[in-house]
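Next come two complexes built around chain A: one with chain B, the other with chain C.
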Partner chain A sequence: MSVLANFGGVLRAPPALVAIGVAVLVGGLLVLVSGADPLQAYAQIVVGALWPQNLPDTLNWATPLVGMTLAAAIPLRGGMINLGGDGQLVIGALVGAVAPLVAPLPGPIAAALALLGAGLAGGLYAALAAWGEIRFRVPMLISSLLLSYPAVGIVSYLVRFPLRDTTTGLPQTAMVPDGARLPILIGPLNMGVLMIVVIAALVVLVDRRTVIGYELRMRGANARFAAYGGVALGRQALGAMFSSGAIAGLVGAIIVLGGQFRYIDDALLSPAYTWSGLMAALLAQGEPAGAVLAGLFFAALQTGGFAMQRETSVPRVLTLVLQSIVILFLAVRGGLGKRER
Partner chain B sequence: MSDFLTPFLMQSAVQAITPILLAALAGALCGAVGVFNMAMEGQMLIGAFAAICGSYASHSAGVGVGVAIAASVAFSLILAYGATVFRGDAVVICIGMNLLASGLTAYLLRALFNVSGTFSDPAIAGLSRIRIPLMPSIPILGWGLARQTAITWGAWALVIVVALVLFKTPVGLRMRGVGERPDAAETLGVDVNRYRIVTVLVSGALCGLAGAQLSLGAVNVFAEDMTAGRGWIAVVAVMLGRGHPLYCAAACALFGFADAVGLRLQGLGLPNQLTDIAPYVVTLAALAISHRARNSNALGKADRDV
Partner chain C sequence: MAPAPELEAIGVVKRYGALLANDHIDLTVESGEILAVMGENGAGKSTLMSLLYGLQRPDEGRILLRGAEVRFSSALDAIAAGMGMVHQAFKLFDSLTVWENVVFGAEPRRGPFIDRRAARAQVESLTEAHGLRVDPDAIVGALSVGVRQRIEILKALYRRARVLILDEPTAVLTPQERDGLFAVMRRLAGEGRTILFVTHKLHEAMAIADRVTVLRDARVVARMRTSQTTQSEIVRAMTGRNVDLQISRGVAAAGAPLLEVEGLTVAGAGAKPLVEGASFQVRAGEIVGLAGVAGNGQTELVEALTGLRVPDKGAVRVAGATLTARDVAAHRHAGLAYIPEDRVAVGAALGADATDNLAMGFHRAAPLSHRGLLNVAAMVKRARELIAKFNVKIASERALAGSLSGGNLQKMVVARELSHEAPVLIAEQPTRGVDIGAIEFIHGQLIAERDIGRAVLLVSAELTEILGLSDRILVMYEGRIVADMARSQASEEKLGLLMAGRTAAS
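Let's turn to the complex of A and B:
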């Protein structure tokens, strides 16, 4: 035990860097197992993510990922965990995809309404999990995740049957009219990037400068003390989950209105933004600015993964393994998630 | 009713319950010693993948099951030591383990077998089913148990074994002591960490069995993320059953039945996107109705930070 503890003391110096180092080592072994050259694979990740001409792609990938990071970070700041990001994401995306089709409004107004509706729908669905905990004592950790499955199932049903674009034969909705799409900034980047930047700035501001942020941090440090100090825990949980779900819903609508222009079944969940976002938020223990950084790091890793898969035939799912090793190492060695009493 | 409860439905219900039941027993054991295990999803997935690898390499289902148990136990070392000796947060570790299992199996599927999505091969030997004469002539229950794997029979036997161990043996008493009052147990000379580590590793073995049943029990196939939330349903079953193996088994039976009814409705023409959600809806409803999700020991604390 004491030997282990001393060993840990040496390792603790900069925990995040050590964790990344360990992940890179273990990942390198995995690459060796698959019969490829680890150095070459990692070189491709770095080039694929950070070469100047690839940077816009990285930012484009980072937009939904950082959005979902913020969605995960808000409840985490108060010691709560929202595992239902997938459900909130698809609900927002569906609202975003359908609203411009049913509302015959001028483009930008339709887009604004679609985004607003998406945020509201995602937020309310997330708040449902908080309400379940307050009213029925169903732990939010579990209910948020369990609520995600019906949402994904029902949305998938709607897209495949009643709302399907029958002209294409694929499980997707009709195209959103041109006017309601998010304007393009440069290259692959659209307005969605700016929206996420603004949301991130707002979350950091609220966290650092407002009473709401202070009270949420206080809950994260010690919920009983927060309650004793006059924080209404129930209302706070509802608010934190609503904000979290609203951001997730917005991210869904941004993906639809910014890049795919329609709801394509499975296309939103296969990149696993929710889980990468949650890992990034955990990495920063819910502190929003750090979470955004971690989200950018994971986005770079994953964008580089595409290049690695293309150039070296090492499957890009390796990046998910790297991410989870970073989290596990920090959880085990760095006391990640441990809160002071 | 007899139109609805066909032999096939009962058989698939019993089959659907097995992995959830084994995982729930794993969760109940960990809960008893005060480790909140919600990594069963990942433990099972590792087991399912290892079972296919073992069976593929050896053409023997028995070897597949053995490899599944070994791999899942090895994987469980992360939680066993992480949550005890290294004093990490179990929830974060479990989330990390579930994602690691998902990524690792998907990666190895591509690296070892050169396929993505699903893998099946004639070389993979599946678990044989035990046929019991006359069983199919007993309506409903007999239909369900007529043709099942040894793992399914073993799972129900383990419910009784786990209940007996937990509540009728000195080891079980110490385990519950470790879960309820670790300080007091420590004072009485019980090695708290050792009890927790061994229990988590046993939970790994149970989940390894569950995974083997998933991949070798019915169609001999591994699919990415094939556990599909069963580990989470097991977490809920532990909460509903308040950690008691018999009540947990009852909760699992409810979910398995919901799963099978969903399958039946699918046969009647409902799209599978809707019928697949049946177990989750039943789970949520059961949680809300029971009002009792506030457990003692480490399970399901409403606020994690107390």
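Let's turn to the complex of A and C:
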């Protein structure tokens, strides 16, 4: 009985922190069982992520991850889920990679148009899922995910065949001209990080200080209450999904114009930004400022994971395990909390 | 020596964490007696009943059945000992027949099979013996609420219950069904059975019970004999203060129609429309009551009036503006405020704070927002003012709506909707499940709204509320408005007949 009561006390601590604490413990045990030193592994993660000379790399990794976190957080704030981040990401990336090649415009204008087009394309593709739910009652949870696969497949086809750079043997598009690439800030960091900072600030501001942010929050708290108060749920779903997809598309274009300078098939999806972003957004329950923090945390964890893999015998998969335990524990806690009432 | 009481609770205590739900409760019922257990929401009635029926175990104290201490570890033990309970929400299989429902769990058998003939015969003889008229072969799903309740009672009697607990049994009944239930209760008591009647309705306790035990704040505060007490005395015990039971209202001075409904029809899933050709008006300075047994289209009618549902035919005008098939925002903009039936699922966001809850519907216009930007200071100020004005008991304007009690949550919803100062107010079950103090307050507010010239449509399942507040009364039956009469022409009996689908003999 008293053990249970104490356990209840732990559960009432800020849930995200408790979840992270549990994940660190379980992860440490895993490392211990596999015969390595958990303290050393964790030390390498911290050094690899936060040591001053490593910070730019962490931020560079965080740029798309935090971007995808925001893309996931916006619908989540209104109680909706966008599982189609991958599809919106590759569509945006393709637009970003192709627009500067086909538009004979001065570099910066081409870049701006490419970014704009990427956001528009990603946004419209995401809004398609919302439209399907409003018009045909196809649950967005399913349609957003299912719409993702054809997008990824078609883009892959385009990059491998009609749009392929035939001078190389790889499935990739031609390089974008120098002028259309995002300017470098310091080291590996480019303008993209600033754009994500601005977008994050905007999303937080809209969430806290505007009518549409209020209406989305209220929908997330109780959709029937929002409808009763005069919120047009259909229009709102379209708007939330469009914004979410637009950010995902923009992230795709930022990756292309900021670092890879061409669309390289598979290069966008293998880091699984969409899923890390979704987990970060879930960790903060859609609250944008918290989601950004969670996104930064996951980015630091993953960058630190690379360092740990280099320096110790522990593979970087450990950091993904940690992430998953955090989410799993949060989900379990939600269930327990409900039963307590 | 007098025989031991049928059921006795001595010093029963039940705690939920820090909350004391039952504080040394003593309760006695003699056999053949009807005892009303009264109290406001949260006074501990439900907890006490669940202890007596074995659904939970007391932390302290003893329960005696015919003088012998019993310790039920589940409701099955209680049933075996001769207890029966009819819950507010019935526990029946809609697709099975009456007799199948009654014998379920204790079927007469012949070898491995259910002895259908014996089962049916036993149920039939039970219905005859106790005057509970039910066709044993009817499918339960097709029966009215009143009949289903009889089946629940039959279930208890079939299991040889000597003590029956009826939890708010009249909440869903028409007046005639209620009278039928009372007749059954009297007959059962006459046979020597004991009835615990949980209710918050004073006139019902006075009409049927021999004695009343009143709970307040987890304790027994009064034990009275109905023949030697009055309604006001019971209310004083329930609330701890004097309450004016009479709804005082002046004469209506009705003006121009502010809510006009013409031929409103809402199609249902089947062939029969949920609302069929509803036409009526609510004028400035009058309260129009819409009576009806729950599920006769009132909910759908209100949804169509407020824009939550698109009607298939017909017109709605609010303060002269035609709103047919427009969205909720347009309705609100035209001047319609709405206290919804379900404050938890519709009227509030429990996970959001009071400030956000009180801003809903006002958030698109000054002073709460300007060009799409919220004025958070104005939202907080507004919340503080409404909380103070309507005396909502809440820790602060930043506390979650989910932390409020039922009555205070309803006050918050009422506060928000009245502060629209809209010409038309639709109040749907505005006092359901709230305590007497809040009922008094909300009734006063509705009359005040009327007196300053607003049009109020009151939808309620409580006939006393309809009769006490309305200037004009509509009755809805199977989707149609079957009567529209002045208050002076209405009586409980007449409304009850209309609600049951019979035309009033005029």
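Simple rule for what comes next: the second predicted complex is superposed on the first by the 324 of 341 C-alpha atoms of A that agree within 3 Å, B and C clash if a C-alpha of one lies under 4 Å from a C-alpha of the other, contacts with A are read in each partner's own complex, and residues count from 1 in each chain.
The rule is simple: a contact is a pair of C-beta atoms (placed from the backbone, for glycine too) under 8 Å apart; a residue touches a chain by one contact, two chains touch by 3 or more.
Keep in mind the model is a prediction, meaning the values are calculated, not measured.
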Combined model on chain A: chain C and chain B, fit or clash: fit
Which superposed partner A:W275 touches (first chain B, second chain C, both, neither): first
Where the C-alpha centre of chain A sits as vertex, the angle toward chain B and chain C in the overlay (nearest 10 degrees): 70
Between chain B and chain C, more extensive residue contact with chain A: B
First, second, both or neither for A:A232, with chain B first and chain C second: second
First, second, both or neither for A:A331, with chain B first and chain C second: first
Partner chain(s) touched by A:Y214 [first = chain B, second = chain C, both, neither]: second
Partner chain in contact with A:N222 - chain B first, chain C second, else both or neither: both
First (chain B), second (chain C), both or neither touched by A:P150: first
Distance in angstrom between the closest Cα atoms of chain C and chain B, superposition on A: 6
Those residues of chain A which chain B touches in one complex and chain C touches in the other: 221-222, 224
Residues on chain A engaged by chain C in the complex (per definition of touch): 208-215, 217-218, 221-222, 224-232
List of chain B residues in touch with chain A within their complex: 38, 78, 81-82, 85-89, 91-93, 95-97, 99-100, 102-104, 106-108, 110-112, 116, 229, 232, 235-236, 239, 271, 273-274, 276-277, 280-281, 283-284, 287-288, 291-294, 300-306
Residue ranges of chain C touching chain A (in the complex, touch as defined): 306, 308, 327-329, 331-333, 338, 340, 345-352, 356, 359-361, 363-364, 369, 372-374, 376
Parts of chain A lying in touch with chain B, wherever the complex brings them together: 1, 4, 8, 30, 33-35, 79-81, 83, 132-133, 136-143, 145-147, 149-150, 153-154, 156-157, 160-161, 219-224, 233, 275, 278-279, 282, 315, 317-318, 320-321, 323-325, 327-328, 331-333, 335-339
